[in-house]
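Per-chain numbering from 1; labels A, B, C, D, E and F assigned in written order.
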């Protein structure tokens, strides 16, 4: 089915230099990091950049309102409105309860990325075709955050595991490249809600928000990227007035103690 | 809906210098720190300062009596009585059981900031309009503390998660700027009761109460503030006879070992 | 209701110098520390000193017999009998099961400081008026220990949380100043059974029993005292033949590693 | 009731020098330490020494057979047989299940030190009078080990707590001095099965079995002894061919890292 | 039954030098390591190398699609298609739910390596003969991963333990040599989902993905190999364009802190 | 019953020098250590050596097949077949489920070392006489491993505790000397599945598999041996082509950090 290998260029300054070709199209990638480490900003910029190149980009969030997300984009001088109008960018916020209750309350939440029935015992789950429901077929999906999804499964780890497996395979079906934000402590050793998702994912990018004496600094690392060679380094990045800049040559390690 | 971005100035000496503009209006911010780290004092001063500028300020507590809170304000030489009389300051203590039992006992606790029904299965929750109930529409809400609220959900994490999501969106609806105190150990690495709230919140301010040899000193850090550039430093502060003073240029790190 | 602020002087050598005025009357204070760190001795001395000044002092214990407590007092050369006879000092031991079973077994334990019904679902709890039951209105209450109380709520954290909230407000009602002993490890980072009480309490005094090379030494710290300025230092104390002596100028930190 | 204070001399070389007078008669003392740290040997020697002085000494064990215990005593050159014959020494092994099932299986285990009914809800518990059952009134009781007792209460912490409280008060009733062995890691920070017993106990003696480079050495510390002044030091001891020798002047700390 | 001892040569550069003879035929070996540490690549190369020598090699995965796995092999310049056509290589992906539901849903999943009934109470389990079902008798089995299997047993550790025991003995029956990938943190101290599998397994190979300053490097260690002498060292390896290269003489330890 | 004290000589080079006389006959000893630390090899050699001296030696395993165990012995140049034929060596593998189900499935597993009924409530347990069942009375029993046994009791700690107590007393009854392998992390601080067995056992021997820079080395320590004086040191050992060699004079500590 995969005939010729394609790669995604993020156009985020410095970031693409961490790869030989780029992020393999169709990958599902965890972006793991602590509070305020820049994961959401990274994703917003990625969505803008790829939407500008004509990709269909879909931001699925659980936290901030659509207005707020658009406002953050404008703060960096980007123009999300034009991209939304052209149909290349879609931003939507969900309630975590829409995941939990979906299938019990009719079809009113069918835009949710959920399967038709979350009961793992039936397993006749047919993932909703996001393409049809939301009126466009996404090339790029950002899920902000996987932690929010996992929180609806508390005490039901097995259901969650089955759900994640289904979700990842659903992404495979529609061929989208997917960025799943996961929330960790500032210097993580486990990169996902249950510590299993990082093995299921095709890639893991870790965001560090570390203290160098009394100042916080940010860095990132491509820990894993299946089917692509990548730099195995922790590199500095900064959130500037116009967006994220990655410095692939800037060493940060000596200041970090885990 | 958000047309022109507005910011809050706390008028707490030195604190506003940590931001380019201030705290974005409408944000929900965690104030995280240990016992005796100055979180409540910070909030009381913020309420006084903003009430003096004509904002409607609402202190919702679970611990000290209204009389005690007012007494603490007077100890710093402030005049809460005048602000209360003018209708700009409202101080109210709740029982945590009012959260837990609300909806089961009639309408007698309807001033509580709770939804009409805490059963997450119904989810027809209509947050009480604090504005109507308490007779004024708050611009600033201090919740002292989110930990007290969370304690009523022990063993029911999923309900709590849904509740918090609802609460944060309710704050969005009324447009208030909100300061939620969360209680942690003295040098926290997790900033909220379940470690999830810090990702939902728009901002996180950490209060450190650290030991420098045999003396306790206090410091704070703006760890996260969505939609606003802020200093990424840990800075000293002191609780003086007339209130909190922040020293944005004073380095504290070298004395801290986490 | 609180008109003019009053303070308690413990008359324990050196201790009162840690405060500008003293311990605010009506406060509820945790005394936290490890085995053999001197918490009980501190309280016995405090009770003797305040009873001698005419305060009504009530020791409520769960561990040692009344005879033993009196014996310990006499070991320091104090005269509890006279104070007991004058009606200023009352020492009473309870069974933890009296807390747990109270309300199920008739009125035979009504001297217990418990509410009439511990079922948190009813919440019609009317705390017993200790004053009436024990024949005198206590100005000072020592509870030795809160940990013993909490142990009766094992597996029922929510009930305990509601109970503690009620208890603290009951203390407010009778206007007593209260010292609640809590048992921790020798160098505590959490200061109470569930880590929540220290936020509810008005004050926290930490007792350290630390090892300096192969010798144990004792120190204490006022970590928190609402409504009063206090020294923010760890200071040495010794248990001498005549009671506790605090050395507010003696630095102890350099020998402590947590 | 307690008229003139009496003290126990163990006659273990060097040990009694750690106290001003000795161990207060009627105390209940935890002996806490790791595997192979010498707790049982200490107790066997103590029983021999006190039985030789005419005290009634009772060893209640759950682990080794009576024959083995007697054999260990003889290995040190002591003569337990004579003391047993004279009626001053009694050694008995129990099954932990005898604690658990006692009261459900008739009176066949009534020698056990248990109450007549372990159901904490009834609380009409009348501790068996060991004196009558075993045919002599013990002055000294060694329980080897409290950990074994606690293991029968797994998952029923509240019952255990009530049981321990009853047990300690039962010891009070018969006036015996009691040594309760508790099993910990080699360098303990918590000194009993649930971390609560050490607060209930009148005394805590900690046995350390620490590694100095590639050699194990032993030391002990009187951490707490209510109603008696004691050395607050960690001191070396050795298990020699003729029993335990404590070296109260030998510093051991510098070799210990916890 | 085992008459003359046979060994497997992996033909992975440098790796076979870690053994005197090789991996004993019929062994079941854990490959333990963190995200991106090269476990899957190691196994893919091993399968290719052994299939080229005429062994029947079976890759049983739960994560990536068959197409992706084949693609990864081709990225290294290997030719899986030829080996698949010749019948020496079989690659198959399963759903973890196929393990969980097997036996409840008819025979449609009978290719799964599961027993006919997972109810541990019946224990009449007859492991499916993979040989018959999949149309060839595997000499080499790679299971990617055991962690995925274990995740279906969450909360049912005892069932999992019985299942693993049965699985290992089933491998014994068919005489295959088996490589079970287990997912750990980057510098593991426990090498399997429950910490028990590593004792059941005949061998454990640990993959380290460690940070040397700001660069990630990879190393491996043969921790255990029953019935074969092996180097007891941690040695470097690299993932090159043509596959894994192990450097048995390259020391890595000094850069590792666990 | 025990009249004259007898000791076991293992004839493992260097090992017996750690004791004054040897291992007391009738002891039950834990052998605790991590994966690949040499516990099983130690036991196999001990069984061979003692069988050669005419003792009846019984290896009860849960992991490797009888064939494999015999093969391992032959790898060291030993001759288990002769000893098996003479009736001095018996090697048998069990299923852990045989422990769990025993008593529910008739008498088909009566060779298992289990009691007739594992229901701790009945407690009429009569341990099977291994002697009769297996056709010889064992002098030496190796149980590989106690961890496997404990795994069948997951979630039923109390039953396990009762079971272990019964098992240890059963060993007492038949007079065998017993070596129970327990599986721990590489540098253990707790030496058995529940941390209680090490107190019940008469002896504990710890096997260390530690990293000295990038090389693994092995060492052992007699931590405890009731009724016998032993070296209190950690000493090196090696697994050579002809079996284990212990070096009682070789210091290993300085390279170990726990």
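Heads up, the rule we're going with is that contacts are C-beta pairs under 8 Å (C-beta built on N, C-alpha and C of every residue); 3 or more make two chains touch, one makes a residue touch a chain.
Everything numeric here is computed off the predicted structure, so don't read it as measured data.
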Minimum number of chain-to-chain touching steps separating subunit A from subunit D: 3
Superposition of subunit E upon subunit F: rotation angle, C-alpha, nearest 5 degrees: 60
Copy pair subunit B, subunit C: interface residue numbering same or different (half cut): different
Most remote chain, CA-based centroid, reference being subunit D: A
Centroid distance [mean C-alpha coordinates] between subunit F and subunit C, Å: 52
Distance between the centres, which are taken as Cα means, of subunit B and subunit A, whole angstrom: 30
Set of subunit E residues in contact with two or more other chains: none
Topology of the chain contact graph, where touching chains are joined (line, ring, star, complete, other): ring
Successive chains around the closed ring, taking subunit C as origin and subunit D next: C, D, F, E, A, B
Residue ranges of subunit A in contact with subunit B within the complex: 35-36, 62-65, 67-68, 71-72, 75, 95-97, 100-101, 145, 147-148, 151-152, 154-155, 183, 185-186, 211, 213-217, 241
Interfacial residue positions of subunit B with respect to subunit A in the complex: 1-2, 5, 120, 123, 157-158, 161-162, 165, 172, 189-191, 196, 198-200, 202, 204, 221, 223-227, 229, 232-235, 251-254, 256
